[in-house]
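Input: one structure, supplied below.
Per-chain residue numbering starts at 1, and chain names A, B, C, D, E and F are given in the order in which the chains are listed.
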Amino acid sequence: MFFRTGELQYYAKPDAPDPVFAKKVQELIGGQYGEMSVAMQYLFQGWSTRGNEKYKYLLMDTGTEELGHIEMLATMVARLLEGAPVHEQEKAASDPIVGAIMGGMNPQHAIVHGLGASPKDSNGVPWNAGYIVASGNLLADFRANVNAESQGRLQVARLYSMTDDKGVKDLFSFLLARDTMHQNQWLAAIKELEAKEGPIVPGTLPPEWEATEFSHTLYTNSESSKELKWINGPAPDGHEFKISKPEPFSVKPELKPAPPQSHNSLSEDNLK
Amino acid sequence: MFFRTGELQYYAKPDAPDPVFAKKVQELIGGQYGEMSVAMQYLFQGWSTRGNEKYKYLLMDTGTEELGHIEMLATMVARLLEGAPVHEQEKAASDPIVGAIMGGMNPQHAIVHGLGASPKDSNGVPWNAGYIVASGNLLADFRANVNAESQGRLQVARLYSMTDDKGVKDLFSFLLARDTMHQNQWLAAIKELEAKEGPIVPGTLPPEWEATEFSHTLYTNSESSKELKWINGPAPDGHEFKISKPEPFSVKPELKPAPPQSHNSLSEDNLK
Amino acid sequence: MFFRTGELQYYAKPDAPDPVFAKKVQELIGGQYGEMSVAMQYLFQGWSTRGNEKYKYLLMDTGTEELGHIEMLATMVARLLEGAPVHEQEKAASDPIVGAIMGGMNPQHAIVHGLGASPKDSNGVPWNAGYIVASGNLLADFRANVNAESQGRLQVARLYSMTDDKGVKDLFSFLLARDTMHQNQWLAAIKELEAKEGPIVPGTLPPEWEATEFSHTLYTNSESSKELKWINGPAPDGHEFKISKPEPFSVKPELKPAPPQSHNSLSEDNLK
Amino acid sequence: MFFRTGELQYYAKPDAPDPVFAKKVQELIGGQYGEMSVAMQYLFQGWSTRGNEKYKYLLMDTGTEELGHIEMLATMVARLLEGAPVHEQEKAASDPIVGAIMGGMNPQHAIVHGLGASPKDSNGVPWNAGYIVASGNLLADFRANVNAESQGRLQVARLYSMTDDKGVKDLFSFLLARDTMHQNQWLAAIKELEAKEGPIVPGTLPPEWEATEFSHTLYTNSESSKELKWINGPAPDGHEFKISKPEPFSVKPELKPAPPQSHNSLSEDNLK
Amino acid sequence: MFFRTGELQYYAKPDAPDPVFAKKVQELIGGQYGEMSVAMQYLFQGWSTRGNEKYKYLLMDTGTEELGHIEMLATMVARLLEGAPVHEQEKAASDPIVGAIMGGMNPQHAIVHGLGASPKDSNGVPWNAGYIVASGNLLADFRANVNAESQGRLQVARLYSMTDDKGVKDLFSFLLARDTMHQNQWLAAIKELEAKEGPIVPGTLPPEWEATEFSHTLYTNSESSKELKWINGPAPDGHEFKISKPEPFSVKPELKPAPPQSHNSLSEDNLK
Amino acid sequence: MFFRTGELQYYAKPDAPDPVFAKKVQELIGGQYGEMSVAMQYLFQGWSTRGNEKYKYLLMDTGTEELGHIEMLATMVARLLEGAPVHEQEKAASDPIVGAIMGGMNPQHAIVHGLGASPKDSNGVPWNAGYIVASGNLLADFRANVNAESQGRLQVARLYSMTDDKGVKDLFSFLLARDTMHQNQWLAAIKELEAKEGPIVPGTLPPEWEATEFSHTLYTNSESSKELKWINGPAPDGHEFKISKPEPFSVKPELKPAPPQSHNSLSEDNLK
């Protein structure tokens, strides 16, 4: 169950309005690896965790923190949109450069949201739950999580160079730090789980299910084999890597004709 | 540039038709972590790799192999749909159990695809490129890749228990093996890159950009702190983990009123 | 900023597993009017509210409660999936009716989520932020909110008749009650705002912007005019309704040919 | 059944081309609350209305009118794109300001549509039927409709200030008027239905289904309770509002371990 | 501008309810090639046609007819859902076969739409405007149209064999006929346009823009060359087909390193 | 099964960076008719072809070539993004025109992809498999294919006029040529299949399924009948076209009330 207070986790106050940058900040809210993704991903993973309380709590507490990150970024976007000449096209028309710059803002910030944040990415594509993963296998999911925090921190780092607003950079310095923490914690949890379950997910597979003769071979084209000779020696699961050229182990498949009710093509080849 | 031959990489021949299972196999083709995802993800990563030929080739060769995996699964689906009573509702009506079972198949297999595979998941949702990642940062992306192979192998393992068709299980034994290899190779590459760049992505961040006082603290609610005391000692990046209760570092934000052209609400509070 | 405890807001424990019903409950989590929608809608509206603290707090507190509703339903789904024969197709095959019934479950519950809830609707379509609205105009948005609670309560009511599990019905009785409260509160807020701003959104429009001669006329075809004579007398904004048959006020438009660089069709008509 | 004539319902002729504004007008065609949404929403509601002819006809006639609104806006967009320097980058390059301004147009207007309108919103996101509602409960749906007309009129009002083209404003003055009418008619129909069915949707719920002790309580955090004391006295359904702090009525849920076929995580906690 | 009457274009009355078949009929309403697609596709093409009145009118009149086809199918779905045991799970539980059969219906028909049609396909995926095309080039678009009518008629033909309800088949017999007409009319228009503009779209391309040495060569792998020797002699545009094995005309690309602000990977290869 | 080499099929090297044009080129990669669409469409059609080897091989070989087209365009985008001032907002701020121009680039190229290509269209909307078709009926699908190549070549032609970069135009000259070839080959295959199966898809329909009295009539409104008199004489299938005004062949439908468990509206009309 969830609670709230009105304060923000950290400062979210830009020095000046910048509607064009507001469009870019949307990536951190509603992008594939924005805060909506990590919040929902961790909460759904937590809600489905069976036993494993120590991991469930980590997921739930971190997911709850991320809700507050959406909040800070939504506040930041709302403030970047304050006081900007978004409706004053007539005046802008007298300064075509201002008009051209405003052409780079997200039109929905003005038309749809009344100068508020949008649950969409930096191109205006709505966030969707196809971005997130909750598989019930914690090692698999923690790998998803460390990836999400890596992509997220990378995006903040790139945006950091795209503004010189000190207020924005201050919030970004906090988000970079939290993404460092979250990468650290998922890496720590992965290390624990790999120690118990091995590096290959899922670690519970009966060995006879797997055609293990294909489990350590890299198939590579002839020209790339030189570049790929570093794939050798012991693999992370302890077996030896092999390199081979790709080859088919099966014949050319032939499908049977479809029944007449399918009204698929009926040409001579089909009747052979 | 790409080439092909008509043979399949491995066998893809079920013992018997099973249109209901064909619906489930679609998850491995067009699901979030199906073969369309890994093929496109590795190829887009490879096409954007700048320098780093040893990794670029690994991405390109693996992505090319995955195209052949879509092919095997599409062939498998086409064969699972052969010879099944999908159009014969009238006959099925005389055996309501057969009719009920057929109700579990994907209707588009019969109506839209003429007994062929669909580029969609097990619920009929079209594959979309929002599933994949290509960030230009190889360590981040290899983490995405090891996650994708973990989720993918997990799904094959689950489907393995949901059929007793030996032909299907034979193909799955091959896919399990290839997912083992691909987890191994991305883990090996991650190990190399972490050794050079450190565990926190991106490793190139100027330290003064980050509010490092927040980089190692876990914020946790009071009841979960006991369960989470395992988050302690050195973090993967070498610093010490801390635990704290969550608290706001900022005040309650107040946004300025919107300009009249926004036609946002105008009530007394707004005029205070 | 957000906090949590481990307890649920209300009971979420079914009497017995029912994977087929679990698929249906997904509508209340990730459907157009599921709990993800109301949670995110209220929070985004709250984050963008400028002044109007009394409404902002209402939005934030209600949005926070809705997060806990996702939690209860996710827990319910996870429990409905416990102990069901979802992987045992071989055994099911010996009882074709059980197999047929299991054909009605969501395959992703087993394949993708490991018997956990999914952030998708009852057909497996991912939730997306295109469902929600946050316009900055509170009267408009509260109308969206009372609609969302009406649709949501309606869906719970329909699902109530589709199960006889007492544990499920107990949770539904709580959700029905909360949807009653939320309809009540948005209706109360709408009444306040309409009293100040009038019934037509936005209430701040300069009258000369509007072609008011068209503001109260219903255009209706001849046969329906009898059924529609109830649209008469004073409209909610105080003016009189009129009924008229539909007619064009403008001529047939003629577009100019496209420039050659568009490579649109060039046929004789185009050259007239 | 539907018919047409070639004339437009109203004028749709701008004074001058403006490809950048054409991008913004797309929101009114293919946005969440654009004319595609209201047309399809009213028609689908009408087609599913069972009895209640007086409302069915209102839905059908209004939906039919909205089809003509898409037509006017599509014509307007086509004309805003006429005669603009969209392909003449080389010339634009000699005037970088013109080039910069053109950078704000929707590239698909030139590349994909040959200077015609697009069935997408102002960011180029395709319209989708997830935006609309047709529930079979008319009171619920009329609330959706009055919301749609409120959001739609708000967006036209905002766009009105973003251009000084008299031809565009003339069309907008008509759309503002029609949205006034449509808000009026849905409000009138809501008033009728609420008088019969009560304010809480659905009005047909057996009272014993609902945990009525939770039907009038606002849960609010301590700091916001002062701001929210206006939620008191009689609620719209006649009962008394109560305010309480949020509290869990249930215990912490514990899920059972998943079966081995799920290959979920197996760690020590899971075995407790 | 559009008008309507209450009558249907043709009969839409099934002999008996069949909620499972109602799910399948949805493909014809909201699927990729359902009636929503052809209605919207023809109207958007018509609204953007510049000159070429003879084609514009054909598009507009046909698009208007298709609106009435959505209407007939929506009515059919509503009637297929009448009188079926969709809410009576308790009774169904006493007859597990009925329960299993009902598991094959679309749950949203009962939960979301109150026994009405849905603007979605047979798997419940919402219709979206990404399905349609309106390019401004009529020859290109008429090819899209004849494809749409071909796919649509094919789907009706397949569904025809999946029911023995005479009322449903009666409506399908009408839809098959209209799809015959619409294929005929687009084929006739294509023939006219090809006679004027040639078979290759767009026909207005300056010849020096094209690397014509590659305009008639089929690249094929060695094993398929035998099967593909039928690609020979004069091509539709009058030139001669050639067959060749695929080969790269360019070298291996090398991308430059990204700038440091991108925080892409920095490993030794990158520094070579 | 698939193979690759490192060389590109053709040159993909622009003369100079142009991040704004890179955004536009995305339409050719991830747009509705971009190279991802044709690659996946041809491969899925090929994988499902039953018999008809001569067409299956054509599909597979062409689909394989298209994979290499994605590669060339992804390389082109990566190079158009090299060396551009995408992160240097501070410097750009001193030259507002440069800043305004950069506002026209796709922000995700910098933030998400680290100066690499994106699997999305020119507005940043992710490619999705709802764009493609694989029906099992080859004549239907080849019509889809010739449409796809027509739309694709049209888009390249339009982009050709939007740049003066000789390197970009060189790649476009190759793509134009290949689209000429592919239009030619699908037209040739269509001609063959129409000769065998007739022009109306599917050609295998029992004649008694169709209400042939409606198979050749154009329904047109009175004013357009003059413009549409060119629809006369023999239709492509050999029968005679007829023209008629549209009229309903059925009565006004009346739906039965919904059952009480649907909680649809209950008003007086419903009880008649």
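A few remarks follow.
Assume contacts are C-beta pairs under 8 Å (C-beta built on N, C-alpha and C of every residue); 3 or more make two chains touch, one makes a residue touch a chain.
Since this is a predicted model, take the numbers as computed values, not measurements.
The most distant chain from subunit B, with centres taken as the mean of CA atoms, is D.
Its interface matching that of A-F in over half of the contact pairs by residue number, B-E stands out among B-D, B-E or A-B. Interface comparison, A-C versus C-D: the higher number of contacting C-beta pairs is recorded for C-D.
For the pair subunit D and subunit E, the distance between mean C-alpha positions equals 26 Å. Here the spacing of subunit A and subunit D, counted between their Cα centres, is 28 Å. Subunit E has its Cα centroid 31 Å from the Cα centroid of subunit A.
Of all residues in subunit E, those that touch two or more other chains are 1, 3-9, 32, 48, 50, 53-54, 57, 60-61, 64-65, 75, 78, 87-88, 97, 100-101, 103-104, 110, 112, 114-115, 120, 123-126, 128, 130, 135-137, 139, 154, 157-158, 161, 202, 205, 221, 224, 246, 248, 255-256, 258, 261-264.
A complete topology is adopted by the chain contact network, contact being made between every pair of chains. Touching subunit B in their complex are the following residues of subunit C: 1, 3-6, 48-55, 86-90, 93, 96-97, 99-104, 106-108, 110-112, 114, 120, 123-126, 135-139, 193, 196-197, 202-205. Within the complex formed with subunit E, the subunit A residues making contact are 154, 157-158, 161, 261-263. Subunit A contributes residues 5-13, 32-33, 53-54, 57-58, 60-61, 64-65, 75, 78-79, 82-83, 87-88, 110, 114-115, 125, 128, 130-131, 133, 135, 137, 139-140, 143-144, 146-147, 149-151, 153-154, 157, 160, 169-170, 172-174, 176-178, 180-181, 183-185, 187-188, 191-192, 199-202, 205, 209-221, 224, 227-228, 230-231, 235-237, 239, 241, 246, 248-253, 255-256, 258-259, 261-264 to its touches with subunit B in the complex. Those residues of subunit E that touch subunit D in the shared complex are 1-9, 30, 36, 40, 43-44, 47-48, 50, 57, 60-61, 64-65, 67-68, 70-71, 74-75, 78, 112-120, 126-130, 132, 134-137.
On the subunit A side of its complex with subunit F, the touching residues are 20, 23-24, 27, 31-32, 97, 100-101, 103-105, 121-125, 154-155, 158-159, 161-164, 221, 223-224, 246, 248, 254-258, 260, 262-272.
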